[in-house]
Structure formats: structure tokens, C-alpha cells
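Quick one: this structure, given as C-alpha cells, is what I'll be asking you about.
Per-chain residue numbering starts at 1, and chain names A, B, C, D and E are given in the order in which the chains are listed.
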Amino acid sequence: MQKPISKPPIRWHIPVFLAPAFLIYTAVMVIPLLGTIQLSLFSDIDGEQVFVGLANFKTLLGDQHWSQQFWNALLNNTWFFVIHMLVQNPIGILLAALLSSNKLRMKAFYRTSIFIPTILSFVIVGFAWKLILSPIWGVAPSMLDVIGLKSLFTPWLGKEEYALTTLALISVWQFVGIPMMLIYAAMLSIPDEILEAAECDGVTGISQFWKIKLPLILPSIGIISILTFVGNFNAFDLIYSVQGALAGPNFGTDVLGTFMFRTFFGFQLQLGDPNMGSAIASIMFIIILIGVSIYLFGIQTRLRRYQF
Amino acid sequence: MSVDIQKTACSQVTFRAIAAHAILITYTLIALFPVFVIVINSFKSRNAIFREPLSLPNAESFSLKGYETVLKQGDFVLYFQNSLIVTVASLTMVLLFGAMAAFALSEYRFRGNLLTGLYLAIGIMIPIRLGTVAILEMMVASGLVNTLTALILVYTAQGLPLAVFILSEFMQGISDDLKNAGRIDGLTEYTIFGVLVLPLIRPALATVAVFTMIPIWNDLWFPLILAPAEETKTITLGAQVFIGQFVTDWNAVLASLSLAIIPVLVLYLIFSRQLIKGITAGAVK
Amino acid sequence: QDATLTIESWRNDDLSIWQDKIIPAFEAKHPNIKLKFTPSAPAEYNAVLNSKLEAGSAGDLITCRPFDASLSLFEANQLAPLTDLEGMSNFSDVAKSAWITDDGSTPFCVPMASVIHGFIYNVEAFEDAGVEVPETEAEFFAALDAIKEKGNYIPLAMGTNDQWEAATMGYNNVGPNYWKGEEGRNALIKGEQKLTDEPWIAPFRQLAKWKDYLGDGFEAQTYPDSQNLFTLGRAAVYPAGSWEISGFNTNAQFKMGAFNPPVPNEGDTCYISDHTDIGIGMNANTKHPEAAKAFLNWVGSEEFASLYANSLPGFFPLSKTAVKMEDPLAQEFISWREKCEPTIRSTYQILSRGTPNLENETWNASVSVIKGAETPEEAGKRLQDGLASWYDPQK
Amino acid sequence: MGSLSLKNIRKSFGNVEVIKGIDLDVKDGELVIFVGPSGCGKSTLLRIIAGLETESTGSIEIDGDPVNGQSPSMRGISMVFQTYALYPHLTVKDNMSLGLKQAKRPKELIEKRVGFASSMLSLDDYLDRRPAELSGGQRQRVAIGRAIVRQPKLFLFDEPLSNLDAALRVNTRLEIASLHRQLSATMVYVTHDQTEAMTLADRIVVLNNGVIEQVGTPMELYNEPKNKFVAGFIGSPQMNFIPASCLKIDDAETIGIRPENILIDGAKADLTGKVSHIEKLGSDTNIYADCADAGLICIRLFGQHDTEVGSDISLHFDRDKMFKFDKNGDTVN
Amino acid sequence: MGSLSLKNIRKSFGNVEVIKGIDLDVKDGELVIFVGPSGCGKSTLLRIIAGLETESTGSIEIDGDPVNGQSPSMRGISMVFQTYALYPHLTVKDNMSLGLKQAKRPKELIEKRVGFASSMLSLDDYLDRRPAELSGGQRQRVAIGRAIVRQPKLFLFDEPLSNLDAALRVNTRLEIASLHRQLSATMVYVTHDQTEAMTLADRIVVLNNGVIEQVGTPMELYNEPKNKFVAGFIGSPQMNFIPASCLKIDDAETIGIRPENILIDGAKADLTGKVSHIEKLGSDTNIYADCADAGLICIRLFGQHDTEVGSDISLHFDRDKMFKFDKNGDTVN
């Protein structure tokens, strides 16, 4: 009995696997967000939403008042990101590397402790650090005093030149658990035997990290960088809870997130302007999209993945 | 001479271990110090908090006022329960659906693969908060306002992009031979996913679970907007009562938020037990 | 018929007062109406409320921010007009001004309370330094100097981290004495005065001098820090709003007094900021308009005024009928209404409708001036330029 | 029922063509063994048959039905992977029974089959261990067990015995042979072991560099190799190749003679040389003699022999058992 | 310089003791081969020597220095893993040179050594590939290459040739032997291949179930096995074991006779039976005869023979080559 040559059957499992995520995500996230993004092309004129094309963007980038705030926020954001990349990720990788070394005791304790800040709510983080760094209640000054560095103390959160860096470091403190966890998970999947082979080859300790582990976890580092990028350019809560929506001192800690929130939802007497707000959001989105695309097409495709 | 070599060898090993512990302990202290400050202060009277923020509660300054206020105000057990239901349900959906989508994207080549991946990744780039009004309208229309379902749906949507992104990366690390062995064993694609792939990416699932859980647990915004009713209040929203316009009841805030750490910590501990070394050991040559 | 009304509010602080006093009092009178007070955090209130109104899930009764925030809700047909509400007649035009259309024809919120600015001081600190309550600016600074000299107290408890205190309890606290209250404020609105004019620069000049009397590291000092600093007895004078009274009463262990903003020269008329702050309106889409109106009428009643004012000393009723305050500090604040001219905060009406937002700019400018990052003149010029960029009468 | 037919199969990885046109028919119930040098494409071919690798061109029929594009699970095959590919998170028992469970076979049947396989493979003591806790040979046995419990019509074995010790290897080999007979299943088998290939195969396929050099029964390949490559590949130690000129034979370029067909005989010496190295295997002895022009010649003697390294040796070749190859390496008759 | 001494090594995984007290001295420059059934602990012992597994008790000396607790890199060893354990992210070349680079050896030296190893292992064409793009045998060769380029004093090989084809296996074996001579390195080697063990080893260590059964030169083990286990393990096909009673010998429990020492001789029949199965290897023929009480007996004949399955056969045993074992399996002289 000769069966006809069958065409490859439709692989129904692919849509089945994709459907639930796709549907929920589209319905609850994409459609509402599209609605919002679309607002950026409209303007409220006498209570009517009127299509104005790219006028909002023109205002945002052209109007001196808006553009000044925008560039300030973008610059701050970039600095915020730079600090995370330079401080948070290396520390996270270092901690993960230490934790994943085989013979270490008390791993679980360290891992949990270091992760605790990450599970705190912003309200608590803001409160704790404001209390600690407050010049009034003396926690930080007196601790610096113990090591004889009291003269170094200034009200970091209140000074324009330090506030953003301080906040970024607080954020690093809070989120270092994330790169740590991810890298740790990646390191766990490296088979023991490869590391044993390296041991025999005399590739141990730090050079083992550089030459064996690091290349094997590179895809995870890529993910972390992109998550840091996306997370930082969406940053909002910490700054909001420590410095408020006006992101003081003198907008020294204003990032795109706070700028957008202020504009979109309004603040104090400033009424919310969803149109301008979504224009800012759209620009944020574009910035992030560019970054992510560079990663996806330029870097991720070049990162090799290894199967174990 | 040879004995010397051994000694240095040993001391080098111990030195390395000591250095590792030193770094980790230092960082642990940095990580825990602010938490310590919060916890000790939640047991002190208001004046003591600000007079001596660093000192441990003593007979004079010890006060459970914060905790009393918290327990008196509203139904905190219910809030806890709501938070837990929302978190666990959203997590389950995020992990399951996210892993399914990630599997489809990383395992099969099909037209539109990259595009679908990008589409799902877009969600990481815009805060879902921006879609609030439309989401709220949708929930009002479907009568889901003031139900936990509304929150669960939103958090699922919010958590999916990241989950898909991270999980598909990890799924590419699973040996093809292994999945092929399954196919030859007659497993369907669904069972390959459920029986082979899911258990093997446990560390990644745990990681994603932790990442997803935290913002859900700590979120204030959507509970405030979608489910502010007494019966559906979450713990974070419940704690918010103590943050006033001009007067903040720091005792109560500290107490309620210290209490709120515990369940996430427990969840975290549960998940982090899935971070196991050598899950794929012995699979292939 | 039976109805349950939900009240939207940003007043987390008042939750227990509503639950324990106000709601039972009302329900006793209207057994078929149930009330639910559901406050949200003040910082998110506007955003949350707007979203809910837009989606149609907001409560029946809505606590109103003064001026534009509520006006825009009314214009979007989300607040119901209250023109024919009987209770409205109990309020003066000034009281209603914060919640009425620009042409003054249609009110949309029942005024609930106002707050008065001034200074609260630590009586022990004054005794310690041997100073009297200041009447004039010169006396004020002399007193601060004396306290500073003595060194036991921080003269002024204020920080700039949160920004708004500098503007609200600084600029708008001392300012009315210079711009002569309503006179200056209206002139600004009409475009007859500019923010670069002396009456508007002078308050900045005073603020600039405050720097030396603030605590170490005031740049990072937050609003709760300032409150704590004062109530823990470490600071002598607290530039205040009357809303602090109840909190301070519970937390401070020492005797407190209050004085109105000192006048520039002896014998000048004093002006105070008596700011219309809280109103309450009706959701235009409520399912129980009759019940809601019943409640709003009750809010206009004397019973409510007295109940509210005495439960929340520091929030003063706006109705025409005088209310007797039991709290001495509150009584002190309200007594200024008799000797001084009241006005509202300069930026609140009309002037903060555009971008840049004058209120927010004033926060920022006040902080800069206190820190010395900007001179009073520069600050004034910046505010004026900003305002002129969108506000036609000032162009 | 389990026949297999490959037509002009080709496969490239990137630019490199590793399978260069394979045609092969395997009859139902036949056991065919692929041999060939490392990297010649045996595993790739097996994976193509299994449907794990898509052929670049060509067609595959199993049971007469074209299966191109069909998924592995539809093809009704079992495979033992060269890399084992065990499920690391499952116990030995679950590794073996997963396929049957999936097919919803009754519990008792599963028990029985797994019991049979595990006792046949001496895995009874390890049923509850996970792969990471097994030795290399034990893992390999689990992989075999997993394949055989399913009793499909077509088995694919990729070097299934390479990590087993001699005794176990012989046993397992015999078990596979009897399984083959019992189930009359078709088997395709890759091995490097001469003994395995010679004893187990119905037919051997010699692959080289992506093409088939010769297909035939073991004895055909041994006695009538088509060319020098096959002649050299089959038989261990390898056939000796001597330039025909050394032996004054002129109808060939190269002469091939198997080590076992060389006699040490001073009287009728075809070549003389010096003993350079001796390998004693107990049952046989391999003597390597250095014969000037002819190069190193291996002589295999039955039993144990003591010959001094460096001593002179005279070799006589059994003319009947000589192979002649032309310039291209093809056999000349 | 590269001597190795193990004293009372024991190792347990959880409750299961897999190495049960091993004492062994390996002289400098010696090539010792571990053989033993799958799962008997060979790899574990090797890993203990390498320092990858910590012994539960016992001491290890390399070069006379105790190395217990020392890290593998300090012990100056090279190891070929049974599972290869190649670095997946490095090319073949880098896989081999990483160790040398790490030791900061000069570039030219690295080039030279890698060049030597890769040509010895026929890997020249694959130097720029990554492990995932190699066949099983190629991977194994890379693993060998990685071990030998470092030229340490002690080599540990875990079944290094199991995935290579016969020809390559012989070559690589010879190369390892010559490497061994050239470097006078000490080598410990695990294999399942009889030929490899017999030809390559200076001494063979027979392990069984975590203990050493016998240590000796290949011929010692072949000719004078201490017990039935060793006798059965060394030699392929396996020695035949016959109840002594069948042959009417009473100073032993069991008689062992190797297949090659059985003659087919109607005249002097010790046993008769029926041919049940024939294996033709080309160079030899194995005949399996069913001999009633004595069971299945394997007879190995040199060359090719045609015997009909089912025909009667008479077996004669060479008395000199018979082994006698007592009840405990120990050899009786």
C-alpha cells in the first residue's frame, strides 16, 4: 500500500505553545499600550482629542522648556545606566562566581542575604536609605566617624552633584541580586566535568573564570546587560520614593521615568497631560527599542550558545 | 622542597577560600545593614527611631505599637492572603505560559520566529503602567474591577515578556540529543516540554519566578486602581494607609512592610532551592 | 432607598476620624445611606482618581483638590455641578472660589477645610534663649540669632530635600506680607505685577537668609525629618501649616506656641495664607445622586463643620458659621483670621495652568534660593520668564 | 515491515558535504552494520534515518513509505545515541520506561520489559540511580535499555558497546543478536569493533568519506574486498600492503596480504626482514618485521611465540590469499 | 619522577563503597592499565588520583610526595575523560593549547606541540572547529590531544580509544606507546579493549568490585591468573569453565580452558557436543558447541572454517593448558 508523499504536517504544537502567552500579552498589555502610544499623536484642544501628527514630539524636542528637561532626564538616565553597568553587573558576576565555586560553605546563607534587598519594596528601601544617609539622625556620619572619615560626609542625597550617583548606588545595592541570580543559574548549568578538565589543565581560580566560565555564560551576561538597560531606562520607583516626582535636588535625579510620570499623570498643581506624557513614553520606547535591537541583531546573534 | 610546595598549595587554597568568604561577608553586611536598621526600628517607639536609629530596642524604647496598629487596622490576614493568591497565581501563569512560548521560540524554526520573539520582548520596554486607563476600561467592561482576577491578568501580561526572554536563552542550552532521544521515544512535543525541558531548566525557572514575584508583591499601582476594595486589598496597599499626606506613621509602615517581607522571603527560599548544581550532569558525553 | 456611597480621598491620615466619628454621625441621621471612606496615598491620588473616573470605576463622592485639578474634572463632566445644592449657601464666595468655574457661576465641590500658614515654636527653646514671640522680620531674625548663639536648638526646622516645604511653608508663608495678600495675587493674575517686582522678590530675600539657621545637611533633610527634628525638641521654630497641629500634639513632649508670619516693618498689616485646601464633590456618573446630595448638604451643615474642625484641629471649616476650637494651638491659628488679612497661595489659581508649571517652578526656585544656588533676583526672573512664556496677561 | 531504503542521500553542514550520495536497501529483519573511519558520516547517516537531521537531498523509505519530513516519533524507531543522551533528571528505570509510559502501555508490560532489559544489561542494582551517579559503561547500558524496551521495528544503534568491558560486550552482543532474531526487527548498527561487525552483521556497509565503498556479508568483505580501502579496513591487524615490485609481480600495483596469511619459513622466503616489535595477546602473537623496501610487515601467529626483537626473519606469502590492487586501489582479479 | 603510590584508598558515594581499599605502586615511567567490569571503580580511582574526587580514606603519593588534598592543577597530571569534557566554546586548537597558554609557555612551543598532536591524531583538518561540529571519534581525539600536548609526568587516560575505528585505534595506540617511551612518562590507562591492554601495558591491574584482583604483566595474567575472575576476564573470547566432574578431574572444582586451546579431534575426545553457533571473523572462527553437562563451550580456530550448525563435534583439551580452580575460584597448582 503506497501512501502518498505527505507534505510536512502543520506543526500545531507551535501555535499551541505560543497562544496563551500571546493572547494574554496582546490583550492586557499590547492593546492598552498601543492606545496610549497613539495618544502621543493627539492633543487636547478644548476638551477634544485632535490629531496633531508629530507636533507633540516637536514640542518635546524643540520647545526650550521641554527639551531642556528631556535632555537633562536622558543624560541622568544614561549616567544611571553607566553606573549600573560598571558597578552592579561586575559585582553581581563576582558574587555569583564566588557563590558557584564548589567547595564554599554557607552558600545558601550568602545567596539569600545578598538577595534580600531585591525583595524589599521601594518604600522601605527609600526610607532606610534616607534614614541612613540623613545628616540629622547621624547613622552614616557616625559610622564614618568610626573609621575616621567623618569629614567626607555630606548630605549626598541633597546635593545636586552627588544625588544621582548616590541614588544609582542605592539602586545597585537593591538590585545586585538580579545579575547575581541569573549568572548563578547560568554557572550552575556548566557541567562539572568541563571545570574538572580545566582544573587538570591548570586553569584554576580567576583564570578559570575568565577562560572557561565567562565565555560559557556570555549569553546570560548579554541578557543582564539588556535587562539593565531596559530596567534603567524605565527606572522610576526608587527615585520617586526617595526624591519625589520632582526628582530633586533641582531635577538632579530626574530620569525619563519621573519626567514621564510627572507629565502623564500630573503632579501637584500640574495637571496630567497624557498626550505629552505618551510622547515622552514613545521616545523612551524608541530609545529602548534601539538599544534592544542593537542587542538582538548585533550582539545576541553573535553570542554563541553551548549545549551541555 | 616538595613539602613546601604542598604547604603553599594548601595555603593558597585556604587563602582563596578566606578571600572569598571575606568578600561575601563584606557584601552580606552591606546588603543586610539597611534591612537590619528597618527591622530593629520596627520594634521601637517613634521617638526612639529618630533619636537613636542605630541602637537596638531596649526596655525603654521597645514598642510593638507599629505591629499593634497594623493588626488593628483593617484585615491584614486577608490582605496577606490576597497578595499571596495574586502572586502565586500570576507566577504560575507567567512561568507556564512563558516557558511554553520560550520553548516554541527556541526550539522550532518557523516563519516569523524572530518577529514573534521581538513582539513578545517589546513588553519589557514599556512600563505597563502607561496602559492603565485602557486596562481599567477593559476591566470595568468585563466586570473584573475589584477582583483578584484583574490583578492576576495584568501581572501575567506584565511578567510574560521577561520570562520568555530569559527562558528562551536558557532553553537553548539544553542538549538537542536529549530532546531528540525523547522524540524517538515517541514523546509528543508537549511531553518533551513538560517531562524533559521544564525539569531541566529549573534553575532558570526559579530565577524568573523570583524576578517576577518581587514587582508583583510590591506593586502598589494596580491594586490601587484595579482592586482597591477592602476584600481585594493587597498587603502593600494595606500598608499604604499609614503613609499620610503630612503625617506618616513610620512605626506602622515599618511594621507592616517588615511583615510583608516574610512571605516573599519564604517564596524566595522555596524557589532558590531549585537552584541545583549539575541538573544536566550525566546526560551526554 | 438604600445606597452605599464610596468616598475617594487622598486623606489617609483621616481614615480613623471618618470611621469613628464622621460616618457614624451621618449614618445616624440617614439610616438608609451607608458611607465608605476609601483613601489612597496622597501622592498617587490624582493619577488614580483620573484613571478611575476615565474608566468609570470611581467612587460616588470625590474629595476635591483646589482649583485646576478639580476644575478640569468638572470640565470633563466627571464632577457634577452643585449650583442648586442648598448647603452651598453656607459658604462665602472666597470659600467657594477654589471649586467654581472661572466665571464664578457654577460651583462643583462643597468646601470642606482650609489650612493656615504660620510658625510653630518650642516655648522652652524661646525661654532658653530668652526671646519673645517676634512681630516683625527684624525681631524674627534677632530671635533666630539668639537661639543659634545659645546653641541648644537648631533655629529653624526645615529641609529642602522634598522641595515643597520651601515653597509652601517658606515662600507662600512669609510672602503675603510683602505682596499684600489678595491685592498682589490678583494683580499678578491680571498681569499688573510681575514676579520680578519687589513684592515677589522680597520673600525670596528672606528665604535666602534662612539658610544660616537651618540644620546641618538641610539639603538632604526630608519633610518627616523636619517634623521629627521639631517634635523631638531639637529645633526651635517650625515654619508650619496648621495641618501639623494634631500630629505635633501627639508627638511633642513640650509646650508649643504659634505666631503668624512677622511683618516687614512694625505696624504693617499682617497677611496670612488661609488656603482653601479640601472640598468634596459628586461623581457625575454616580448611581445614587440623591444620596450623594444628601451627604453634601450635610457637609455644608454646622454639625459637620464643628465635628470636622474639632476632630482635625488645623483643618479649619470654611462655612460662614463660626466654629469654636477646643485645641489651643488651633485656636491661635484661627484667631489670626481676625487680626490679619487672609489670602490663598499665590500660584494656585490660574497661574499654574501651563508649562512650565509655576507651582513646581516655585518649589524649585525656593530651594535654590535657600541653598544659595540662585539669587532672589535670578529666581524671580526665571519664574517670570516661565510664566510669561504661556500666560498671556504676563506676556 | 521494517525495511529501509535510502536513495541518493546527501547532507551538508554549511559548505562541507559529509554525506555524498548514499543508496542503500535494508531488508526487513536484516541487521546491517556501518563501519568506517571516524568522521566518515556514520552517525550523521543514522541521524538522517531517524529524522533528527534533515537530509539535503534524497529520499528515505521505511516499510516502503516515504518518511521524508516526518518527525522521528512517527517513524517508529529506537535509537541509541553515541553520546547516550540520557534524561539526567530521571532514574534509570524512568529513563527506560518513559517511552512506554508515553505510549500508555499497561503497567505490567512496562514492568516486564524494563525488568527484562535491566537484567539483560546487569542494571538491576542501579534502577533508582540517576545518570550522574553511573559509570560510563552503565550509562551506555541504560541507553541501550531505553532503546530495546520499546521494541520498535527499526533499531538504530550508534556504537552501543564502546564503553563496555569484553565479557559484557560479548554478552550484550549476543543479547542484541537474539533480540534481533526474536523480534525480527531491522537493525542499523554503527561500530568500530571488528569482532562486533563480523559476528553480528547480516551485511556490513563500509563507509568512507561520505560514500559507500562496499556492501556485503562479512565474509564477502573479508575475502573479496572491492578495493584497497575495504581490504585495509576489514580485518585486524590490518592487511599488509606491499608494492608489487618487491614481489616481482607486475599485473598489479600493490599486493595485499593479511597478517594471518604470512608464514615464517626460511625455505620459501618471499621477503626477509628484521623483527622490530612483538605484540603478545596471549592467544595470538603479532610480529612486526621491518622489510626494507616493503616497509613494516605484520605477521600474526596463533598462540604464544617468543621471537627476539632484532633477529632476522624470512616471510613466505600464501599466493592464494594474496590480493592484488591496481593504481586506483581497485581489486584486480 | 612520575611514580605513583596508592595506599589503602577507599571511596564511598553515600552509603555505597565503590573503592574498597586499593594499594598500588606504579613505578616511574611505567604504563599501567586498569581493566575490570563496567562499574567496578576504574574511573573513580582515576579521578581520585587526579584529585577530582576526594578519597574517603587512604593516601596518594606522586613522586614520593603526599598529594592528598592538593588540587588537580598542582599534581602535574593530564587526564583524558571518559566523557571527553571538551571546552565547548573553544576550537579544537584552543582546546589543546589552553593548558600550555595558561602555563605561559612560549608561542612556538605551543604551535609545535599542537601541530604534533593534531597530525598524530589526524585532526589537522578540524583545528578551527568547535566540539559541537565534530564526530564522536574526533571529539575523543581532541581530548587525547589536549592531554598529551601538556607532557606532564603522569598521564591518566580513561578509555581514550573507545570511539575510534580499528585502524586509527591501532595507530593511536602505537603513538601513545611511543609517546610513553619518548617522554618516559608514567601513564595510568583504563580500557575495555583486550588488545589494547595486552599490547600496551607494562602491567595490568585487574579491578573487580572496588578491589584489585591481580596485578601483573599481560602474559602473567594470561598464563597465570590468580583466580577464576582474572582468568575469565583476560582473553577473548572468554575462557571456558567446565565443572571438573565432567572431565573426571578431582583435585579441582572447576576447570578452565581457553577457546584457542581446544582441538577438534575425534580420536581423543574429552567431550562431545553439537555445534550450536559459528562466528566467522575472517582470520579466526569461533565455534560454539553445546556439550550437555559442560554447557556451551567456545572453540577458537585459526583461519576460516565451515562447520555445519547442528553437526556433532568432539573436543580435545590440551592438558598442559588447563587451569584448575577450587571452590573459592582460586587457582590450584
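Basically, a contact is a pair of C-beta atoms (placed from the backbone, for glycine too) under 8 Å apart; a residue touches a chain by one contact, two chains touch by 3 or more.
This is a predicted model, so every value here is computed, not measured.
Chemist: Counting C-beta pairs in contact, which comes out ahead: A-B or A-C?
Modeler: Counting C-beta pairs in contact, A-B comes out ahead.
Chemist: For the sequence-identical pair subunit D and subunit E, what is the superposition rotation angle on Cα atoms, to the nearest 5 degrees?
Modeler: 180
Chemist: Would you kindly tell me how far, in whole Å, the mean C-alpha position of subunit C lies from that of subunit A?
Modeler: Each chain reduced to its C-alpha mean, subunit A and subunit C end up 38 Å apart.
Chemist: Roughly how far is subunit D from subunit E, centre to centre by C-alpha average, rounded to an integer in Å?
Modeler: Spacing between the chain centres: roughly 20 Å.
Chemist: So, what's the distance in Å between the C-alpha centres of subunit B and subunit A?
Modeler: It comes to 15 Å between the two C-alpha centres.
Chemist: Go ahead and note the Å separation of the Cα centroids belonging to subunit A and subunit E.
Modeler: Distance between chain centres: 56 Å.
Chemist: Would you please write down the residue numbers of subunit E that are in contact with two or more other chains?
Modeler: 71, 82-83, 136, in rising order.
Chemist: Among all residues of subunit C, which ones touch two or more of the remaining chains?
Modeler: If we look for residues of subunit C contacting two or more partner chains, we find 228.
Chemist: So which stretches of subunit A touch two or more other chains?
Modeler: Expected reply: 137, 191, 193, 306-308.
Chemist: Across the complex, what residues on subunit B touch subunit A?
Modeler: So the residues of subunit B touching subunit A come out as 16-17, 20-21, 23-25, 27-28, 30-35, 37-38, 41, 50, 53-54, 93, 96-98, 100-101, 103-105, 108, 110, 116-128, 130-135, 138, 153-154, 156-158, 160-162, 164-166, 169-170, 172-176, 188-190, 193, 203-204, 206-207, 210-211, 214, 217-218, 236, 239, 243, 250, 253-254, 257-258, 260-261, 264-265, 268-269, 272, 275-281, 283-284.
Chemist: Enumerate the contact residues on subunit A facing subunit C in the complex.
Modeler: Interface residues on subunit A, with respect to subunit C: 47, 65-66, 130, 133-137, 154-160, 243-246, 248-251, 265-273.
Chemist: For a test of understanding, state which residues of subunit D touch subunit B in their complex under the given definition.
Modeler: Within the complex, subunit D touches subunit B at residues 47, 50-52, 71-73, 77-79, 81-89, 98-99, 102-103, 130-134, 139, 146, 150.
Chemist: Tell me, which parts of subunit A touch subunit E in their complex?
Modeler: Its residues touching subunit E are 191, 193-194, 196-204, 207, 211-212, 215-216, 304, 306-308.
Chemist: Which positions of subunit E touch subunit D when the two form their complex?
Modeler: Within the complex, subunit E contacts subunit D at residues 13, 35-39, 42-44, 82-83, 133-138, 141, 158-159, 162-170, 192-195, 198-199, 218-219, 222-223, 232-238, 258-260, 279-284, 286, 300, 302-304.
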